[in-house]
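Should a chain be cited, it is by its letter among A, B, C and D, assigned in written order, with residues numbered from 1 in that chain.
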């Protein structure tokens, strides 16, 4: 089944680059949901002890949240600010892609040291998980729009989720559900925050929030 | 020890009562005063008892604080330093109530609370025989005196002074923290005895310990250039608090230094040199700055710096003597230092109380607004005169005795073949001579401008003599000045115990060595007796002459100008001008001089105002520079969330990369 | 307890002191080609003022009257520790130098306060100058005494002066010479003679000592005049004791030698006064510091 | 009551209280409720503490999901104490909302829910044995407290809230990464199991932890929870949040939220030391601690807003505590002692500043002058809390810093010692100036109205009394409690 993983890995990387290169927020959200569904399937593949309810629950919950719920919330929010659908990057798209390549190199280099310790884990997934984390960070840093920061945060979450799935066998279900719940509440809260911000500031440009300094 | 405990608890009680009774100003004043006086009296008795018997009393108990233990011990050294504290506290307690008459309940409650706390804390510092206990008392002392300084907090200058004071105090405490923590770590205990034992087998640390002590305690004692808090803080506190702070509190700094010296064993030669150098610097600069002041209490505060310098000169000579194995030199040096500690607390207390009386009578301490007060406040004037003569070191008063000892030690050193000692002695002689001359000039100015001539302002001309208790407390100190002056041999002989603790010799040998200098003092006193006799004779003679011949009042010689007015009197600035211009390099006098012009000159004036160079050349620029530099940090926190996220990411990546290598 | 005979020394000091002033004035007159006042004129002056009544300024207090008294008493007491060349002082103890300096300071302080008591700006001016110069002269004097002490190995005046013999001079010629110059300068400063101050000037603005005592009159002024003479005697004894190392052991011989020396000193002062002009006040401090430097050099020579 | 029950009771009470607030009609009902709940919580916490200090030294509940040892129980007590004080103060503060703000019933309910919810979340963090659950609780505190900052939505409060939300979420995400790595580190040698995330398992002597993964884990945990704990240079959210939140919330933030994050870090330290020896963890802690102290000292110099000033003080004191943890057993003792002192002192300071801010209508320090004359009680509180904060004896922070210095000299960390003293000197100088100008002098224009109610004096007396008493005398039992808590960090159960 490794080819399958390879594929997911490759496609996952591509989704990241797509996120880096897209200028329309709507498109970004769709890429995000696709990525969520893609990586939501990972638990179904990597586990070695049959399709237990636990695994199904895990995969289902993730796909449902990251593939459907979050994108839906984000689209709703975008609809509120319909006059502004650009991601407003600090860094041009070309530069972003170049940075993406650098980040890829960095993450591969970093995972080199972990790999011997994590004998059983599929290495490619390890790479992509670290890569996702850093791309998420990069998106949050380099995009003005509040929605893009949420998107970046979710990409980061995906990375951590993947890492957890492939390294830690048998995390208690309670913990997993707690994590999912937190992710859900987190996005929900961020949504409300963005709602207030757009109402107060009349835009989602969080770079305008610079009255508190010193 | 019993008396000590009683006195501490009485003082604490007094503070509490004052707070509790604050709705009724009179009651809380009374409570504060009674407890202050009685408590200090108890403490004084205890200290004297220890001094007389010469055997230490101590009290240890459990104290739930890691790194500390409850150990009080009053040996001869502590007892000696308790004298000025409790003695002055009695007098100020006597003085304070009439000084505060008319203040509101809250104000007087606060002042009495902090005054009693200050006395108690100082006493505890002296008695503490444990590092942590010492620090605790030390900080409490600083805090309570801080509240006394900021007593009149409506004035911005007062607030600034209080800030300066507490900052300086804390700076000193930082050094002391390191000092005691270091000692504690090598001794594995916080008891002074353990420190001493541990230092014996950590010879390498001795010099750094000494330097830490000198810096830490020097700030409190007010050595140049760490003296800047003194002229800020002392003038603004209530006068009896200033008396207590200047008379007793800065001596606590000296005590700390001396105590550490006793723990350090045989000193190095260069310590003595360092002490002498610091003392010389403080002495000369202190008196020079004092000369340039025209606020009476600021002037007195600067004289405290000068006298601390004199004390350090004495201790320095003593240390030199110990280091070079010259017991006689050491004994006389330390004796002069200790005696001057006592004397300075007496006459400086007296002078501050006098200044307080002037303040209360005229509501101003600006020299140019005073004058002619000796006529209007004869008692205060006379006492202040005695104090002034004493601090200048004129025979036959106590100031002369300690300076005699110091000069004696200086001459002894000069006779030594070793150049290192002889030159030190010469420096002491010359510096002390210079200090004496300048101090004389300064107090001629202070007394002359404040009490002599005719009043320079309406308030001064309507001044009234102050209440009886205030006069009484000044009289006590004035009498002490004379008594120690004329009883010099006894005073010196009584120092044997405390000096012996410094030199490590037996009391017997020490008193034998002190006898060597007591005999000349006895002869000197006999000469003073002749002096007084001749003076009385001459006075009687001129009185008899004038009884026959006519004595009348007339105008003073005005060089042909018939109607001289008070405005024409010499001012403080003009009096000091020759000297201040002489040492302009050192005291940075800001002079404003409008010379007379034309054949018929109209307006012309000379005024001088002194800024403290240590402040204006050292501290203020440093602080400004630091502010400027630090304010640049602003750019880190400029409000852009993206960059904040970048910080997080950068930190993470940096750490990951760092630990991958 | 000192022998009663030894009190003869202060006594004859008390008697002869004013004579010095007479000699000084006489010398000046002779050099200026006048006949000048009789040698005993100072005695008559003092006696006259003592007999007079007194006038006191409105502002003055008891301190104004006390000043001259203390000023005189301090000098009289100082005479007790002053040796006269080889002749020992009635009271002698190590450290009596300090007492001497202290007594001089006391007298000065009393005079200055008395001057300030009048509230007149002239007196204030004089007091300021007096304090200024003496503040510098005091360390210089201590420096000179310290040097003598180091050379002679004692710091009690009597033994110090007794050990200043011809041999000692031969031994420590440069040191003694420098100290002698210092003492001379200090003597001129402390007695406010030319080139520091001109006692006979008639312009108050340029005076130092005279302007301080401007408003004293009658007995007070008499005491002041007498004190001036004593002061000159004391500093003269300090200097001449060093300059005339005649230590034969016979009191009469040494005493006469010293007296001759004193007379000569008075003459010298008179000559200086008629030869030199007054320094501007701003130069006086340099003059004193120079004196101190000489002693410092002298000390350094003896250091090794 | 048995400790294990009271563990459940503590959580249940907080949660039910939170839900109960939803149905309350009036603001003052909510306020009374939170006061009552938090006081009971304090009593329960003390009960737990007593039980933990008993013979076997720890308490567990719900088969190992809850595990409380001396270390966590001490934090629980401090937490509940801070909450009790802050709730009491909130009941005063919100009745005097100034500047056109109205404490409506809706806002009151939201406040009550989030407030008690946050307490429950923090209790969960402190009590859970499972590092995953601990993380869940931590994330929950972030999400719950976010809206406490912008209780009254305004441009500034929203900005602060957004920064807090985003930056801390990232941090917490990293922390989860670290948690996963820690779990992976025990499995790497095949020792898999559903209890991989249980602290007792990881910390047990026979557990073999892979050093490499543990190293990575600690880096992620440190940066992650460190962001929440406000360690420099990742403290950027802190001053904004503290300055914009209502005073009781700010008090709770720097009074305990930061400590909770630090607690999480310290839970990992024994594991790291177990895996790879003493130096790695303490080295990183020393660096971050010292850096925080220095940065905070620098920023304190030029602050203008009183609450921002206090916020930077929190950064400084977090640095001090971190430093203490890095300096061996004595240092750990000092750090725990300092934790209590700082929490009490800082809450008191925020109370005073908040109340005076309401009187003067601003937190700008130059508008607050003569507090002693404007409002004696809170003026005195400001005076005492600031004096204690800058380390003046006889207040307890002086003592804990003295213990810290002893630890530093014992570990002969001279550079750290010097930097610490220098920085605290800078803090002293500038903070003292601010304090003097606020407390003393003639009072500037302020509103005299508004009675404080009968809770005000007890709050101040309790807090100030605690500071003063611990500054001169440390009860023996308290001493033992602290030492055993410090021992947890060094020795593995």
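The rule we apply is simple: contacts are C-beta pairs under 8 Å (C-beta built on N, C-alpha and C of every residue); 3 or more make two chains touch, one makes a residue touch a chain.
This structure is a prediction, so every number in the text was calculated from the model and none was measured.
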* Asked: If you check the contacts of subunit B and subunit D, which chains show up for both?
  -> A
* Of all chains present, which has the mean Cα position farthest from that of subunit D? -> C
* Structure fact -> Rounded to the nearest Å, the gap between Cα centres of subunit A and subunit B is 71
* Between subunit C and subunit A, distance of the C-alpha-averaged centres to the nearest whole Å -> 101
* How many Å are there between the centre of subunit A and the centre of subunit D, using C-alpha atoms for each centre? -> 31
* To do: Please report how many Å separate the Cα centroid of subunit C from that of subunit D, as a whole number.
  => 79
* Which residues belonging to subunit D are in contact with no fewer than two other chains? -> 162-163, 166, 170, 216, 239, 299, 302
* Structure fact -> Multi-chain contacts in subunit A, i.e. residues touching at least two other chains, fall at 113, 137, 140, 206, 209-212, 214
* Contacts with two or more other chains, residues of subunit B listed in rising order -> 634, 637, 641, 645, 648, 656
* To do: Give every touching pair of chains, nothing left out.
  => A-B, A-D, B-C, B-D
* Spell out the residues on subunit C that touch subunit B in their complex, using ranges where they run on. => 50-59, 61, 63, 65-66, 68-70, 72-74, 76-77, 80-81, 91, 93-99, 101-103, 105-106, 108-109, 112-113, 116-125, 127-129, 131-132, 134-143, 146, 149-150, 153-155, 204, 214-215, 218-220, 223, 281, 285, 292, 299, 303-304
* Structure fact -> Listed in rising order, subunit D residues that touch subunit B in their complex are 162-163, 166-167, 170-171, 174, 215-216, 219-220, 222-223, 227, 233-234, 236-237, 239, 280, 284, 295, 298-299, 301-302, 333, 387, 392-394, 398-399, 402-403, 405-406, 409-410, 417, 421, 424-426, 428-429, 432-433, 436-437, 440-442, 472-476, 479
* **Interface residues, subunit A side, partner subunit D - complex** => 113-114, 116-119, 133, 137, 140, 146, 149, 153, 156-157, 160, 163-164, 167-172, 174-175, 178-179, 181-182, 185-186, 189-190, 192-193, 196-197, 200-201, 206, 209-212, 214
* Structure fact -> Touching subunit A in the complex, subunit D uses residues 130, 132-133, 135-136, 139-140, 143, 146-147, 150, 153-156, 158-163, 165-166, 169-170, 173, 176-177, 180-181, 183-185, 187-188, 192-197, 210, 212-213, 216, 239-240, 243-244, 299, 302-304, 308
* Structure fact -> Seen from subunit B, its contact residues with subunit D in the complex are 63-67, 132, 135-136, 138-140, 142-143, 150, 153-154, 156, 159, 162-163, 166-167, 170-171, 174, 177-178, 181-182, 184-185, 623, 626-627, 630-631, 633-634, 636-637, 641, 644-645, 647-648, 651-652, 655-656, 659
